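One chain, chain A, appears in both complexes that follow, with chain B as partner in the first and chain C in the second.
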Partner chain A sequence: MLIAKVLHSPVAHARIKNIDVSKAKSLPGVAAVLTYKDLPRVVYATAGQSDPMPGPLDTFSLDNKVRFVGDRVAFVAAETEEIANQALKLINVEYEELPFIIDPRSSMSDGAVKIHDEPEYVVHDLSDPNKNVAAAIRIDIGDLDNGFSEADQIIEAEYKVPKVHQAHIEPHVSISYWDENDRLVIRTSTQVPFHVRRILAPVLGLPMKRIRVIKPRIGGGFGSKQEVLIEDVVAHLTIATKRPVRYEYTREEEFIAARSRHPMIIKLKTGVKNDGTITANEMYALSDTGAYGCHALTVTGNTGHKAMALYTGDGKYRKAPNIRFYADIVYTNTPPSGAYRGYGAPQGFWAVERHMETIAAKLGMDPIQFRLKNCLRAGEIHPFSIAWSEGREPKPEYIQTIGIEQCVHQGKSAIGWDQKYGKQEWRDSTDKPYLKRGIGMALMMHGTAIAYLDMGGASIKMNEDGSFNLLVGATDLGTGSDTVLTQMAAEVLGVPVDDFIVYSSDTDFTPFDKGAYASSTTYISGAATTHAAAKVAERIRVRAAMILNDRTDGAPVKPDEIILKDRRAHASDGRAVTYSEIGHHSLHHKDQEQIMAVASYVSPVSPPPFAAQFAEIVMDIETGQVKVEKLVMAVDAGRIVNPVTASGQIEGGMTQALGYAVCEEMTYDDKGAPVERDLVDYHIFRADEMPELETIFVETFESSHPFGVKAVAEIPLDGVAPAVANAIYNASGAMLYENPATPDRVWKALQKQKIN
Partner chain B sequence: MKPIQFDYYAPTSVDEGLDKLTELGYDGKVLAGGQSLIAAMNFRMARPAALVDLNRIPELAYIKPTDDGGLAIGTMTRVRRVEQDAEVAKRFPLLREVAQFIGHAQVRTRGTFGGAIAHADPAGQLPAISMAMNANLLVCSKTGERWVNATDFIFGPFMTVLEPQEMLAEVVLPPNPPRTGSVYKQVSRQKGGYAQAAVIAIMTLDEAGACQNVRLVMMSVGETPIVSEKAVEILVGQKPSEQAFKAVAEAVVTGEIDPATDLHATADYRRQLVRVLVVRALTEACERASKGG
Partner chain C sequence: MDQVYIRPSHLDDALEALNAYGDRAHILAGGTDLLVRMRHDGIYPEVILDLGALGELRKISRDGDDIHLGALVTHRQIEKDAMLAGEAGMLVSACHQVGSVQIRNSGTIGGNLANASPAGDAVLALYLLEAAVHLQSKHRDRWVPVGEFITAPGQTTRRADEIICGVRFKRLPPDAAVFFEKVGQRQAVTISKASAGGIVRISQGCFQECRLALGAVAPTIIRLPEVEAALAGSPVSPQVIDRAAALAAATCHPIDDIRSTVAYRRHLVQVLVHRGLAAMVASAQSA
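Up next, the complex of A and B:
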């Protein structure tokens, strides 16, 4: 198998004037060197999303231009990794360097250099490459000006959130080869195998039917693998060499040439009455998509769609909220942003939940009472559902279940809120005068799948011995979805999960699934699996009735009287047929048939999970050091199918969110070169540094799903950072407008607070 | 990455090792715990043509009391052993306190006491501690040996007075007089991470409770650990007070340190840390000293 390597650009923005690969090609052991001259020029988008792509097409496998330090220049395939690395050094490139943009605030300036000037660029909706705008959003709900005119106070502030990295354990890795039928097989660490096949076909110039994508067991993704990031590299090289090729990102490549969370500058302006009623709420987000517009529209759309939907206002504003969400998602010459668990919502909630805290303080109101007074209630319409749907036709969605008050109630008692909040003795109850305790909270809502778009399919086949094959398109990326989906099918069919043989995510063998994103698998793929199981159950009942009635040892039985339990079909008179008998009977004995069913599911709603996040900290008011002591998250995620995997999602999510809160940040020097390139300089929380975590499930039953579930996967990313910052405010009075809360930043905020 | 090609020698005695170092001259480099050197070689920042590995020389690893009540520590003694040694705990509790901040247990189990000092990392704790404790270092070569005070040993970031044919053999820590209190204070971005700034204070009080002697050392805020002269000027002969400690902090911050902005912290923030840590370290050292040390 050949090993692939990619030559990455050392400069932030340049045209390739000359590229000479002759020396690299003649190095013994080198099988191929590809540059833009060798590949067809096909414009596409790397975001792993459904058709039609909700964003601009602005990417080529290889281009004659580089747009960030780390961008692709050439591909190499060689017999060994050493030779491949050697070959990279032998490629001679002459760059014509161009002006570059690092700060998104200058992207739209007059006279700014155009990052995308390629004629093939395909705009989507409001994207405008002439202004370096990858996407723009203009959402108006109600009458904002009127809302502000009815306010007693208007509170404005600007917030900033950094770029952060997913840091999945397994890097991106792909293998491709031609199989014996001359079809290209791509085994890849992806969250979106079906999107990989659809998106790559034109890029490779192959009919889709000649591509098979397999997702084996993989080691995490967190959104980073909702991207067709490196599959094209191995595929192009296999096509060029006719040989199997493997490409695995190094940790450094993950930092310099993958995707990350969009950094944003967010302005909030909120009108409130003195009694705490929000009358109008306006957000403007300047979002930095980096050099390419992958997920540009949808991530930033989610920022408003989630964070600006939670607080509609009280009284008459519940029926007629005044909300504006505008955003510009601009290009810069930095590595592209993309999908990262939370998908825009953590950025939004950082700003909104800091802002709510500030407003409550200004009004002299209890911050929790203020939030609950203004937040959504059951039966109300999701305000964004009638205003925006990623460019598709918006359709109304009503909130069915909302356990947010219970979340607050249970979370408060778990963290001891009433004994701590606002209590001077508690704040000072440390052994040093310069250490202060603080407690803070945030409310959040997320979504569950994308309504009218996300589809998952499942099929179930019964074998002679009463075992079943479950084939699902859904992508288990370490989340345990294979287990959870099997649990649902096993529940319907009355068998232990061991009786299932699960196979998932193979474009040749499993039904379609849009993939693992948008907190959708348990809900969407779970519903598909449940429906397929119900169809199989119906065939089992029919056959069981046939067998029992042929026996004539009792009264005639109707299929719908039969109960499936303990691997048997039970008649009401106590007679039963084992699944093994049914399996043999159906395949060998009489009126033979394959008991098998396929079902798919797409939802007309995206029922939001809700949560309350609590954080307790101790901080040093002289050095700005903050130690998070405890995190409690109370979540309404509907019914919990598997408490172990669900709480694993919450705990893992809070861990990542804690990094966002206090230490994680990707930065670039003045030439656009990434500063953090490994997990030493980019610190993520280790097990031995973690505070105590507590997860509380406030179960509701979401009637739109057969088992009543909503999502848990992304919501834990939303609240930790603002809750920690609010706790810092509680402890010291220091107001943070930018995360993460590094000691440096906290100290500066403390200085400002002293001056005020 | 992997290191460039190099030769490797594993002498089993000090004499054999010194012979090899003399023979190799500038091509040779001593390998101790390898916790810094091997990483530097892997990144190809260090490119020695040959390594002289001291790990097979048992006579270089020991902790021995000296006649005057101090300790002599063989260069190859692992940091972990120093951390856990009962004699060290009795005579120099500071060493045990500090050791916990040096990387992780794994690093300390391999890394050596002498190697860390010879490495002279401006962000390393042991070079700073050896300066604060007024350690004497025994430097050997084939042609003889010499004693160098720790303060003279280190003269720049990763720079010492060691010649290529020399090795550091022993570190001698003089005893603390009675009524001496010592404290280490550090701030780092995360557990096990390098210090953004750190301060060591060792204070001796006289019988009347006045400051008889003080050694105040700052690290991670200059090219080498910085031994404060201002602290001596302001405090010695005076009754310690919060006001005096604050005066020292101000004098140190304005006149003695030269912090840089880097990945780990801004210069401004480092100054603030020193301002805070100096006062805290002196206060605690004084408390400990007044309790007998």
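Up next, the complex of A and C:
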């Protein structure tokens, strides 16, 4: 197998004037060196999303232009990694450097350099490459001006969130080869195997039917692998060499040449009445998509769609909220942003939940009372559902279940809110005068899958011994979804989970599934699996009735009287047929048939999970150091199918979110070169540094799903940062507008607070 | 190129090997710096001389008031030593705050010295203790004060054929109060934005002796001679402490880098020195 390596650009923005690969090619052990001259020029988007792509097409496998430090210049395949690395050094590139943009605030300025000037660029909706705008959003709900005119106070502020990295343990890795039928097989660490096949076919110039994508067991993704990021590299090299090729990102490549969370500058303007009623709420987000527009529209759309939907206002505003969400998602010459667990919502909730805290303080209201007064209630319409749907036709969605008040109630008592909030003795109860305790909270909502779009399929086949093959397109990226989907099928069919042989995510063998994103697998793929199991159960009942009625040792039995339990079909008179008998009977004995069913599911709603996040901290008011001591998250994620995997999602999510809160941040120097390139300079929380975590499930039953579930995967990313910052405010009065809460930043906020 | 790996069991053999290979050899102790650099910066020493089997360099020994730490003594050994807390308390707290338990179990005092990082924690304590570094080669044997041993980030006066065998310092008198604190991006496994340590002796309401050192705010760890001189003989009072902290902040020359800014580092120096002096005064007065 050949090893692939990629030459990455050392400059932020340049045209390749000249590229000479002759020396690299003649190095013994080098099988291929590819540049833009060797590949067909096919424009595409790397975001792993459903058709039609909800964003601009602005990417080529290799181009004659580089747009960020880390962008692709050439591909090499060689017998060993050493030779491949050596070959990279032998490639001679002459760059014609161009002006570059690092700060998104200058992207749209007159005279700014155009990052995408290629004629092949395909615009989507409001994208405008002449202004470096990858996507733009203009959503108006109600009458904003009127809402502001009815307000007693208008509160405005600007917030900022950094770019952050998913830091999955397993890097991106792909292997490709021609199989014995001359079809291209790509085994890849992906969250979206079916999108990989669809998106790559034109890029590779192969009919889709000649490509097979397999997702084996993989080591995490958190959105980073909702991207067709490196599969084209191995595929192009396999096509060029006719040999198997493997490419694995180094940790450094993960930092300089993968995707991360969009940094944003967010302005909020909120009108409130003196009694705490929100009359109008306006957000403007300037979002930095980096050099390419992958996920530009949809991530930032989610920022508004989640964070601006939670507070509609009270009284008459519940029926007629006044909300505006505008955003510009602009290009810069930095590594592209993309999908990162939370998908725009953590950015939005940082701003909204800091803002709510400030408003409550200005009004002299209890911050929790203020939030609950204005937040969505059951039966109300999701305000964005009638205004925006990623460019598709919006259709109304009503909130059915909302356990947010219970989340607040149970979360408060778990963290001891009433004994701590606003209690001077508690705040000062440390062993040093400069250490203060603080407590803070945030509310959040998320979504469960994308309504009318996300589809998952499942098939179930029964074998002679009463075992079942469950085939799902759904992508288990370490989340345990294979287990959870099996649990649902096993529940319907009345067998233990070990009677299932589950196989997932192989474009040749399993039904389609859009992949692991949008917190959808348990809900969408789970519903598909449940429906497939119900169809199989129906055939089993029919067959069991046939067998029992043939026996004539009892009264005639109707299929719908039969109960499936303990690997048997039970008639109401106590007689039963084992699954093994049913399996043999159906395949060998009489009226032979394969008991098998396929089902798919697409949802007309995206029922939001709701949560309350609480944080308790100790901070040093002289140095600005913050130590988070406890995080409590109370979540309404509908019915919990598997408490172990579900609480794992919450705990893992809070761990990542805590990095966003206090120490994670990707920065670039004035030439656009990434500063953090490994896990030494980029701080993620380690197990032994974590504070105490507590997860509370407030179970509701979401009637749109057969098992009553809602999503759990992304919501834990949304609230930790603002809850920690609100706790800092509670401890010290310092107002943070920018995360993470590093000592430097907290110190500056403390200085400001002293002046004011 | 093949790498030569040597792991002698006697110091003489190690010195012999180093004499033969000179700067082609790279010394390996706990490996917590060296292995990171080998992976990260792609350095590939021709010869690795592993000191791991030199049990004689692993000891903490005492001779009267003199304390001797072998070069291979780990941060963890120092942290756990029953007597060091009373003899050189800030060395113990500095070592306790190094990296994580895993790093402290492997990282050595010799490695911390040779590494010559301006943010080195154990080394900062050695500056306060005015320790002498013991260097040995096949032909030579010398002692160098730690402040002269380290010259710049990563630079020391060690010659290519010398091994750091250990450090020696005097135990602190029982009435000395000590202090060490560092500030980083997060609680553990972090490189300091600033660190500070001190030793103070008070008698009859006046500072008798005062030593202060700062880390991560200059190319090497620094002592604060102006502040120390200003304090010596001064009466113990809040105003004196305020002034000393302000002087410390004014006389240090921190830099902007990816870990922090000048303004914040200067502020930290002021806070840490102030806090350190106040804490030492409190502990001296309660003793």
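Here are a few things to note about the model shown:
The working rule: the second predicted complex is superposed on the first by the 756 of 756 C-alpha atoms of A that agree within 3 Å, B and C clash if a C-alpha of one lies under 4 Å from a C-alpha of the other, contacts with A are read in each partner's own complex, and residues count from 1 in each chain.
We adopt the following convention: a contact is a pair of C-beta atoms (placed from the backbone, for glycine too) under 8 Å apart; a residue touches a chain by one contact, two chains touch by 3 or more.
The structure presented is a predicted model; accordingly, all values stated were derived computationally and were not measured.
Superposition of the two structures on chain A leads chain B and chain C into a clash.
In the superposition on chain A, A:Trp426 contacts neither chain B nor chain C. By the touch criterion defined above, A:Thr742 lies against chain B and chain C together after alignment on the C-alpha atoms of chain A.
In the superposition on chain A, A:Phe509 contacts neither chain B nor chain C.
Contact with chain C, but none with chain B, is seen for A:Lys627 once the two complexes are overlaid on the shared chain. Ranked by how many residues of chain A each touches, chain B and chain C are led by C.
When the shared chain is aligned, chain C comes close enough to touch A:Asp678, but chain B does not. Counting contacts by the rule stated earlier, residues 434, 622-623, 625, 663, 675-676, 681, 683, 686, 688-689, 742-744, 747 of chain A appear in both its interface with chain B and its interface with chain C.
Of all residues in chain A, those touching chain C in their complex are 434, 622-623, 625, 627, 662-663, 667, 675-676, 678, 680-681, 683, 685-686, 688-689, 742-744, 747-748. Residues of chain B that touch chain A in their complex: 187, 189-191, 193, 196, 263, 265-266, 269, 272-273, 276-277.
Contact residues on chain C toward chain A in their complex (touch as defined above): 36, 40, 100, 183-190, 193, 258, 260-261, 264, 267-268, 271-272, 275. On the chain A side of its complex with chain B, the touching residues are 434, 622-625, 663, 675-676, 681, 683, 686, 688-689, 742-744, 747.
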